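There are two complexes below, and they share subunit A, which is joined by subunit B in the first and by subunit C in the second.
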Partner chain A sequence: MANTNSSDGEVLSAPLTIEYPFRRSTGPILGAFFTGLREGVVVGVKRSDGSVLVPPSEYDPDTAEALDDLVEVGQAGKVTTWAWVVKPREKHPLDRPFAWALIQLDGADTAMLHIVDAGSKDRMKTGMRVALQWADERVGHINDIKCFVPEG
Partner chain B sequence: MRDVAVVSFAQSEHARALPGVNEVEMLMPVIGQVRDQIGLDKSRVGFTCSGSTDYLAGQAFSFVMTLDGIGAWPPISESHVEMDAAWALYEAWVKLQMGEIDVAMVYGYSKTSPGDLPDVLTRQLDPYCYAPLWPDSVSLAALQAQALLDTGSTSEREWAEIASRSRASAKNNPNAQLKGDFDPDVILADEYLVAPLRKHDCPPITDGAAAIILAADDTARELSKRPAWIRGLEHRIDAQSLGVRDLVNVKSLQLAGSAAGVSTGKIDFAELHAPFTYQEVLAKRALGLGADVQINPSGGALAANPMMAAGLVRIGEAADRIMAGEGDRAVATATQGACMQQNLVCVLEGE
Partner chain C sequence: MAKIQALEGVEPVTMIDAPARLDYTFTAGRATSRFLKGLEKKKLLGERSAATGKVYIPPRGADPVAGVPTDEQVEVADCGTVTSFCVVNVKFYGQAMECPYVCALVLLDGADVAMFGLIQEMPYEDVHPGLRVEAVWVDDNELSTTLENIKYFRPTGQEDAPLETYKEHV
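What follows is the complex of A and B.
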């Protein structure tokens, strides 16, 4: 077939900003979660078997059952898996090396995605305990959680 | 059920960037080849289905441009999925099962080079709890890789061997992008990109396209001496949130593989869409593939990973080998979403 791998012609380019320029309602469950973050508490939602989803969702991911039993959970927990970012990308939450982590908060049965500002990869370990650090200004957004840090 | 087979497959020469051509120009030679190599007049194509995404093309309804290129006048019956074209193949297979047409064409393509792919892929995530943090595709894969390492059942060494084997196999694939001899000991000495993943654990970033012709019953026998019959085709999806999934047991792939009947006969070779090395380990386990099954003779997605087409390419590569008589029964998979959220399994057989 024809080689489409090269062209001698000048290639025109134009900037394109990826955006989703709409305002959305977060609904009764995620809305309560984000309102909680603004107030300095973390809430999850209880499933019919008693386990707690954090972040909460309006439905059970396994059974699709509607969920609305909101419960407050702890502000520390354990890392269930992690990944160490050697060179942060421009849009990453920190401009120095950090860990992405799935964190299961005390009182929760599922893990949430956030970052651990641990300073060094050597301080990271699956199962380690981390504590939530709040942002100075909170507006009802996932970034109201500034980061997690190793406990103790 | 009607017997439906892959009767023709074509793909572009995959490359890191094809700056001189647009999507239509990249795709058209592939469309020409997939029809011409079996002497198929385009008037015989009863249904056309494509897979691509506006987020990579950078404009809304971008697939309409390629549809115009293919020729949509006089009006044709067509559809599009904002997914890997393996799912477009599924839709075309359903259309063939309905019995109103005998031939369908499927294609997928993307040019990822104009943007920053790991950043662009963050836009497919949960817009409330994930996307605002900009967790790039390599970082999310690294979370799953670490969870797998923690089980103690695999190693970074095994992943380096998967990368080495894949890119050595790709030397026989004229369309592959990243090929050659890489010593596992040497590449294991590289720095981490996002620990525990190194560069060799990740797929190349690829511009490329692929197309397949499907045909039913006697039409398939007319168009191919040895059609690659689709004996199982299933897809399943896991929950979106990584925190509610069992990251080291890919349930959707297990379910799709079981429903497609992978284990009901001997598999000669597998084309697994496992863009990251460790995902090959997960895919083999989910499908129950033993050490006797040859994995990714084409080099797989570690040798070329054109977004929206790489899953379809797995089915095409497997079908080509069946049609060439290099095996009698194969399995091909497609995956998409963060950490293998959604999976499709296709079982192909020769007669």
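What follows is the complex of A and C.
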């Protein structure tokens, strides 16, 4: 451990990293969502009332009914809420300021968390339209969506 | 169930990697810093509680039972008694040891709490509570302020400790 307290030379401190390399099984519904991302489509699931959850869930959050009616939704939508990140941290998806945002894709009735690469906070607005940008290499992971960008 | 053309005939994703990582700066505090500096000199420094007489190692600077500071430093031995142990047979990420190996709690002579360590230089199936063990230290030129200075514990060849000497810890 490195001694970092020069005043009394007594207290030691050192870097401590805790890391868990979790690998999760997706199940069939989220599996379809991630497969879709790899194949360049966004997949949701339709509930019995006709509304569409994106990302899809295996069970209806209200009725607990099993869901399997997968549907494709649009690759653009609107920002329902957002938070601007002034100083991205090491593990953040971008190394420049960006917005975490909930994005309701066209054809979806729920919003999905992702990022908006808007360049500047001034370009962010609740209700703004954003379009999906795919990553160059896609593997079946949420990062297959590189980001969303302001439309137009 | 898939009616989506893009999903037809492609290998489905069944697993995702979702690692979690937390980066801290750990500050040891005064008591644990004294302990760590002792390790650099191959000394095991615990601290005694005036309230209960118990010697805690590694010391945290306070007696967790009485809630009072422990300010008397006590050197304990680098040998002791295995109070409990576990044979590790399951591999995991970041594992430094080859399976199977033994993790144990060792009640060092002079201490009132057992300390974690590895048991080596004996068949894992022969490890048992009461086993007398001693620390094997790294070479002197590798000593630093870390518990990694103790590579592992090995049997001393002494007779087993009587249960009365460690039954509070089983």
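Note that in this section the second predicted complex is superposed on the first by the 129 of 152 C-alpha atoms of A that agree within 3 Å, B and C clash if a C-alpha of one lies under 4 Å from a C-alpha of the other, contacts with A are read in each partner's own complex, and residues count from 1 in each chain.
In this section, a residue touches a chain if its C-beta (ideal position, glycine included) is under 8 Å from a C-beta of that chain, and two chains touch if they have at least 3 such contacts.
Model, not experiment: these values are computed from the prediction.
Within the superposed three-chain model, A:A64 lies out of touch with both subunit B and subunit C [touch as defined at top]. With both structures placed on the common chain, the touch criterion links A:G40 to subunit C but leaves subunit B unconnected.
A count of residues in subunit A touched by subunit B and by subunit C gives the higher number to B. Within the superposed three-chain model, A:K91 lies in touch with subunit B and with subunit C [touch as defined at top]. By the document's definition of touching, both partners, subunit B and subunit C, reach A:H141. Touch criterion met: A:V11 reaches subunit B and subunit C at once. Legend: residue contacts after superposition of the two complexes on their common chain; A:P21 is shown touching subunit C, with no touch to subunit B.
Look at A:I115: by the touch rule set out above, it reaches subunit B but stays clear of subunit C. Note: residues 1, 4, 11, 13, 16, 18, 20, 24, 26, 34, 91, 141 of subunit A belong to the subunit B contact set and to the subunit C contact set alike, using the contact criterion stated above. Per the touch definition, subunit A reaches subunit B in the complex via residues 1-9, 11, 13, 16, 18, 20, 24, 26, 30, 34, 53-55, 57, 61-62, 80-86, 89, 91-93, 100-102, 104, 110-115, 121, 126, 141-143.
Chain contact summary for the complex, subunit A toward subunit C: residues 1, 4, 10-26, 28, 31-32, 34-36, 38-41, 43, 68-72, 90-91, 140-141. Put simply, subunit C touches subunit A in their complex at residues 1-4, 6-7, 10-30, 32-34, 36-37, 93-94, 144-146.
Note for the complex: subunit B touches subunit A at residues 10, 12-13, 15, 18-21, 25-26, 29-30, 32-33, 55, 58, 114-115, 118-120, 122-123, 127-130, 132-136, 139-140, 142-147, 150, 191-197, 239-244, 247.
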